[in-house]
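This report refers to the structure that appears directly beneath it.
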């Protein structure tokens, strides 16, 4: 049997792209799909995917779980497990379009769920932690089932294929999101299954990433201490867990999180004013093993915003631009021009400089 | 004792008379009195039975007239009863004594460092050139908090328990004043200060002249409590409780009275000429909860301003022991492997007790992670870290920093003759004889140590850059950067690495 | 001016400086050939007893008694270095007598002989300092008047 993603480490090159409306206006998936076309060369047809925020307004209080199943029997097994753990409000097949470019699809389902209050109070955990544990359980213990999206009012759509075909396959033009992120993958090895495509998601966090991080195993072995299990051996997976750990579990701000994972050099820290120097020194001292080295450009999606971040040496390309209330981020300017030919204020963020864009309060 | 104990000497002094200019440097420099000038014959003669092969004479002979070779007068070949084993039997038959040795275990047991290979970037991510890009080697040793706290205004509270800041993940490990000379200590202290790392007093106290190097000094508290007093504890950057030593796990130390001169006596706070005997255990620590009390006593005594290190020898159950120490309040665990050096140890203990540091480190790091307490402590490993490559491999296995001592004394001139216990160190290191200690000029010694660490730091940066890593934190515990070669499944499992080619 | 200084704290009494000096001034390129079987004539001498040893050579005094006492003008200063012109030396050896440090010796050919900091031989800098294994002999610039 051929090895599946997760059994081996699979270095990948990539294209990433994102758009967000600061006024919370919902955009169909067409433009973000367009953005991936000029970056076709940055993918090799072995993975593409999208994340949309604000796509399930009618179920916004519920967690939307997107799952791949290898067969019906696994789906039944998994649904039985879900029913025991959660209240299943709605379950349905994710609508897709049959196109020649996308083949070998697994069963693709989504479930709108909510944890049982009584269970939460008896386990003394909040709903996010509970859902995270359910996701970890399914992904590590139910063979043939894989949760690839688990946040509220958001969803990930991914497959083996070129990203523009993946977008067409999932009929993304039918969804409206206030922010979209997209990923085209150039893995060095065949991932073998769809779970290896990106974005990678946990709860509301999604990560699209371009690069190969050299700190991977230091990061993985550290984050696995905190209840995460890295099943895919991909950078994106471990970056997502780090983001979840620092933002949700440790309560750091996005800026603080950026200064952990792309920490300024000590020489830079020493030159900063005292209050800032103390905080940066503190964060580097406390979380040394969550520093990510090697090339990366990532776009972290979350409820109500996006954060773009480069590694501290800026070893991967990434540019941002604006037009009206929209902000665009992509590996290449061409991708942004494909979305908005008149985009302005093009800017290449420095290594380790986070670009954080939020939807205005009350707009999402 | 009746019996014939004569053995042909182990070494032969080969003197090429056609090169010998009778300068008599060999004669003047040999504390073992191997060389002697015979004026009647106008020639130098040797008593090879006294030669320990320290190569002092070889190194100083201006015409390269000398070499020391291993004698070929051997017993009949026997793979089971080798010459050394037989010789030791004879020695004990003659003396009835415990055999003593110095420095680390010389037996041909596996050196796992040499079976680990380091990764480098090719194509999928870039290597980094340390000459052009920043490359960071700074580490902080100490406990890291599990939870962030914020003040009323929402700002992070940035108070930390005391940390030991090092410019690179290498420190000089414990060697006491007494076991080594004043000048050796001066060299270590000055080099540590210049390099922004630490040296370690060992269990011999801190000479009054060296208090000024306090910020780069680790003061040790061992079972004999020699030289321990309030000012001593306050003087250091960190306090180390020595529970064990890799070269002699399970036993204490013995500094012969002959080495306890006025200065050593004052520093150790013991009478001049008295044997300094450290008991095998700390007699106030018979279990883990007792250790906890000493850790906290030392913290109380120093106002919780100093990180406390607990140093243990790598023994069979090291993972569980380390896990216990990590919960004892200690900030740093130092683990000393079975190849660690010593000024004197019973030969059988040095050669047969303890386990390799590579395996101990790998299992401790993993156990602490499995228990979720890896951030409670930093891990420092020693016991034959021989090069920058060993440092990189140790950090990749999970160490925060390394302790070096044998490499440091080599830099000071030691030629590993392994006779420190005699007190006649011709290189002025493991001796207290004034005519010998003056042979180590700390101006030279400290410079050589600084050179060594500078060279290692550069090499560490090169190796890190090759892996595409620009900060040592990202290397720590990064076992994907290692592959094993020629190791079996069990060894690979313990080391937590894949075989080369996988 | 750079001079040879001796720090007796680090002198091992190994006498290597004497042999290095004799070799440097021998004109030979091989030490064995230069020194084997011959009495050596170093311009530096290790003195002392069981407790302390130190090497003594010309201190290149600011106002050298040897120059003042030289009757033939053979001893003179070149850039601060006390030198001897052996062609001019008549071998009276008054310099040997007056030098308070015993740093001038009679040479093999009758003329006086002294340290000239190896500036005129193939060594180029003092061989005693270069070969000292413990940096007890150093060749360096110090404030005038400092020992």
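Points worth noting:
A, B and C label the chains in the order they appear, each numbered from 1.
The rule we apply is simple: contacts are C-beta pairs under 8 Å (C-beta built on N, C-alpha and C of every residue); 3 or more make two chains touch, one makes a residue touch a chain.
None of these values were measured; they are calculated from a predicted model.
Of all the chains, the one whose CA centre sits at the greatest distance from that of subunit A is C.
Innermost chain of the displayed assembly, by C-alpha centre distance to the whole-protein C-alpha centre, is B. As a whole-number value, the distance joining the C-alpha centres of subunit B and subunit C reads 43 Å.
With centres defined as mean CA coordinates, subunit C is found 79 Å away from subunit A. Between the CA-based centres of subunit A and subunit B the separation comes to 47 Å, rounded to the whole angstrom. Within the complex, the subunit C residues that touch subunit B are 9-10, 12-16, 18-20, 23, 31-32, 35-36, 131, 133-136. Every residue of subunit B that touches subunit A in the complex is listed here, in rising order: 121, 124-126, 128, 133-134, 136, 138-140, 144-145, 147-148, 150, 155-156, 158, 160, 163, 369, 372, 374-375, 398, 467-471, 473-481.
On subunit B, the positions that touch subunit C within their shared complex are 18-21, 23-25, 28-29, 60, 62-63, 438-441, 443-444. Per the touch definition, subunit A reaches subunit B in the complex via residues 9, 11-13, 188, 211-219, 221-222, 224-226, 250-252, 256, 263, 265-267, 278-279, 281-289, 291-295, 312-313, 315.
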